[in-house]
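Structures given as structure tokens follow.
Note that chain A is present in both complexes that follow, paired respectively with chain B and with chain C.
Then we have the complex of A and B:
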């Protein structure tokens, strides 16, 4: 009978023993794992669980001297996807369907991109606005990580873009003020240390230690947004009018060294920023401080100031021009090939006589002339907050290739390279009472707690005496307002200034056809409130500095000083009062 | 033999200790399945309870099956053995044809939102079939033509079907159960030896032929060679248990279930238990399964007929062998084969099938001789035994 016991079921002791032995080995193994080697495994667990994350600090804002924002950071999110969580098809579908609409993507495409990226964390969206990011965090789709970040917004659009500059995704400045004042702006990143899952996210009930990020300082610039816009628009119009390749306008407060406006063209534009385009990287430079040019006759102001200060000449010292000066085998002529005969030193500046500035430099001698150039700041960067400042260059007697011809040409601004900001700063020293001030773009730092630290004017040196400076103001006034009508004369203000027309140094050819037409001046004459440099690069109409840049200077003086509420002082207006 | 011809036996109480062990495992299983699955559930389905809800439904269903099986005379199963076996083979073929694929294997048949894994139920039907077939052979089991050859053909066919899914873990379990039953039914030592050698050889060859199985074997030998790839699961499971230490991090506090231990709620659940509850729980679980084995085999020894004895051997071997293969694999005592831990791993089909199996085992226990009642006396039951069926025990449990 099959339903009765016939079989030797007792033989199950054998599988029983086999399984019992296996169980015994397992128990021994468990004791080894969980007791004997516990410390080693616990250490391994600690190591692989430890995660950290860095939260970039909110970057400080950049505002103009009156508090209008040029650049400010708003809270946004960067969205990453951890591919580990998306290896599970259910999780990936759910996550992609929830995430895609929020960042304006197609779910299928998004999934493909993440799974094919070959990265552990793929960034799928940057600068997602605050609300959208919060909603995503609440939904918490698998593998989707939202990291707080900030996005830079520029309320003034492209205004001052080249000056403000840009910074990278690592919150480190790349150009302009963003780079020059990166240490103040970027703040201190916060750090979190936590137990993480395999996607790197904190485990909800794990340990968590975090230090808060400290926001960067706000920077109050010396720039005035109205003057900046005036400078940019006026420059753009002048470039168009004279068919120039580019140009620069610098406005400076002569008593403080504060730059009120700095415009360059061409310039970086926030509205068209793509560093992958070859030409755009070039635009990250601010040519007003990084690029040098030969100032041409504008330099005669410095030569004259030096000769006056050294007591070699006075405004009425006369010089008889014969049309040329021979130095060794080189004959130096006047820019217009005219012969002026006997002229006072004021007349020399009015007519911009090259031979007379050679005469002045000769009176000084190379060493003294060069030490004046040093004192005016032409051999080192101005010390402004902008990155990449050039230091200027001119050849000295000890330098290889020196020839006395160098001294002659340097006296009228050729064979000497300076930056527009150096020229502006030196010119300001000439007319402000003789003080060379550090050029500044920063008026104040504001700490996150609202505490404001104002920067102070910094006198670097006194290249000339106050008296020399006063004399220079009179002489330069006569240049802008000569007995005849000049196109550089402002309508409402009495100004002083000097033009320059110089050749652009081109590698290979000593002097090329390209030219720089510039004008630098100040106003009002009796109490200078502003120094303005106008420089037009390679104007195709070939007008001189006075003809091309002079009217731009005049226009800018009138517009800027009336904006600054400076009462008009031109003869007809002072009489009317 | 038909059910009508079955002599009426007086039914006793089911084995209370086995029932208690089973209930303990099921309840503990619900706790650890929830603990080990809520993270992965949250990530996959956006809610923590996706897996535990399913597990609870299946466990309830399984409990109903178990109660029905306990209340049923197990001998009713005997005439059903062949139809059940045919049905099982049909399902195993069907799963290959219309089954759903997941993780590179075709193991599930969908019925609405419900999926059924025929291989889980196949374990039980094969136990029933083998018990019926072996007990009908009597002493003839020892002969090659009537014992070994048919056994190899039947098991070879079933194993082939399951290997085609592919599902090596389940194949190994089924073969292990069948060979144990074959041995218990009286196979000679050389039959057993040749089965182990031939079966082992075939399995090894299959392992070497399939890249990922070979990889598993290599991983077992040297997981440290590829800690972030093939060795990841092995090493992370060890870290989890090692980190748990003697008393564990606390229930629910596992860090490893945050995707460090893959399949933390199924094959890897033992590692999570070790991490959260420590050596105390891991050793306790091994002890529970050992106790289950001793008690289950005692039921087999006390069973009133060969069919019942073989059913008891089969079900007990199923539960305990599968548990040891899982735990042995996770603790790296043997290679990882990818079988779930009975009652404790997530898997609705598995828990329902297991509860049905335990129900059958408990049904056998109801008709068994009480402990201490020598088989010669036959107790209060009517059935008399032929002399050849006497089981002589040197020692009583």
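Then we have the complex of A and C:
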């Protein structure tokens, strides 16, 4: 009886223990899965269940100062294929046959590409136009996913292409205004997180968390499209006429520092854009702000303005030129090897006498001359919105290798490196009343809600007095309109200006035969509305700055001021009847 | 005996079918509970339907916005300088020769109306700050 009781008890507790152990194992496993490894498995489940997509924000438009679009974005679609939906050969064939014609592909190739990609979602087309994408969404071929995107269009074609620049597929600017103002233009991307089925398709009414993308701001440039076109066409003609390797034209409003036009040649072209081609990446630079050159005699304007402002000279101060100046063992001669004898400072600028520039720089001394160069902005970028702006360079007495010859050559624009934009900005300061203004390409930002924020002129410094500036205007007028005929004289306006012809330095050697011919000037003299810099690189005909770039300047003054409704100074008026 | 074709009628009449006696309060409670239970379902259904409508409206709004963008791009393309020149040339127009300037006694025409978004905004003039002693004076009870 006792044995039976014992056995009976064992029959109960032995299975009980076994079952208890099994239950404990199961509970332990559950604790492992649900508690200890919870995050890992939850993550795995989310990855399988949840899909996400990033919607890039609509990029802001870039328009000229009158609201004409240089670059704007239109909605397009990027087409992806989820390979899980194409594992069934029949479904894959059907989907490929529906999709391929819409995106201009061969069905067989498309299917092969998707199945061999090794990716879950394979992109098969970018920038598909809006209507085609909508049709695809309505037809809904298996596994085909259309995600919204935008494509940049340039209604003005290649106009100002180098200035506007380009951006990458990630909506980040690579060059030009697109890069310099990327933060304002690109907006904020949106994101969608959704549950998807085994074929990777979003489950209708599944969890869907979306943050709306916020469009970028529109940028109103200071550029005028008409003047930009005028600058580009005139520059291209001049380059062809003088067989130059390239060139630059900058037009600036002297009272505000607003750049009205900036043309470079060679330049980026939207119509022929292929960054894989050798040399195309080089075109992403804007040489008017990134590349330095030796300005040559144009720098005599700055030297004369500094000497005038310091009270060392006046327009009638005389200098007797002997044809050369010896500094240590270096003999500095005039550009044409002539001896001019006694000349006033105005005559010095008219004849572009190198030895007289050396005279003016000597009167100032190196420290004072360099402090004027600093004040004119030649030792730092102009602060424009374009990326990669160079800061300029000239050797100072503390620098290694300095010699007094450096001061002499800097006075007439050799041995000093500046950018075309720096030169234009400094020249504007000599004739606008003595105010150095920040060079600007942006007139306003327009928020997505239409609110406009205007940029204001920014005075960086006052390198010379208003009186010195007025004197410089008269002296420069006498340079453009001397007693003899000058090819740089505009037909209808009184202008002021100065030419420059500089040899191009070769690293490790002295100077090459190649030259830069340039002309910088302003008009009208009494109330300057525009400053124009014309620069021709390595013109094969070896004409001087006055001969090659001067006529281009004159042509641009007449055409641009007429467009800007500035009454002409020298026109034959007819009485109205 | 004639047979009367009344297959159901007789049965109903023959077997008494007692109607349950239902308390009015119970019936009302059941109805209220039933409606209460149906209400969330109804709300859910309406919310789902509205959500679907909202999604459709969002899609429609996005489509209209895209179409506006496309139309704006079209307008920009049609008013591009190259196209204007092309049309002008087709109409027989060309660049002017030497312009003739005429002096007139009348003032020039008013400038063209520029769209408001292209005009610089008004610069608010900062208010003159009140002198520091004014707040002290204002607390003193002075006869007015």
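Criterion: the second predicted complex is superposed on the first by the 514 of 577 C-alpha atoms of A that agree within 3 Å, B and C clash if a C-alpha of one lies under 4 Å from a C-alpha of the other, contacts with A are read in each partner's own complex, and residues count from 1 in each chain.
Operating definition for what follows: a contact is a pair of C-beta atoms (placed from the backbone, for glycine too) under 8 Å apart; a residue touches a chain by one contact, two chains touch by 3 or more.
These figures come from a predicted structure and were not determined experimentally.
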Chain B versus chain C as contact partner of A:30, first or second or both or neither: first
Which superposed partner A:273 touches (first chain B, second chain C, both, neither): neither
Partner chain(s) touched by A:156 [first = chain B, second = chain C, both, neither]: second
Chain A: partner with more touched residues, chain B or chain C: B
First, second, both or neither for A:88, with chain B first and chain C second: first
First (chain B), second (chain C), both or neither touched by A:15: first
First, second, both or neither for A:134, with chain B first and chain C second: second
First, second, both or neither for A:459, with chain B first and chain C second: neither
Overlap of chain C and chain B interfaces on chain A (superposed complexes): 205
For the chain A and chain C complex, residues of the former touching the latter: 58, 65-69, 72-75, 130, 134, 148, 153, 155-157, 159, 205, 220, 225-226, 229, 444, 446, 450, 452-454, 562, 567-568, 571-576
Chain B residues touching chain A - in the complex, by the definition given at the top: 1, 6-7, 39, 43-46, 75, 78, 134-136, 138-139, 141, 180, 183-186, 238-246, 253, 255-256, 258-260, 274, 278-279, 282-283, 286, 289-290, 293-294, 297, 300-301, 303-307, 309-310, 313, 317, 320-321, 324, 327-328, 331-334, 375, 383, 385-386, 388-393
Partner chain B, residues of chain A touching it in the complex: 1-12, 14-16, 19-20, 22-23, 25-27, 29-31, 33-35, 37-38, 40-42, 44-45, 48-49, 84-85, 88, 90-91, 94, 140-143, 195-199, 203, 205-206
Touch list for chain C against partner chain A, complex: 48, 51, 62-63, 65-67, 69-70, 72-73, 76-77, 79-82, 99-105, 114-115, 117-118, 120-121
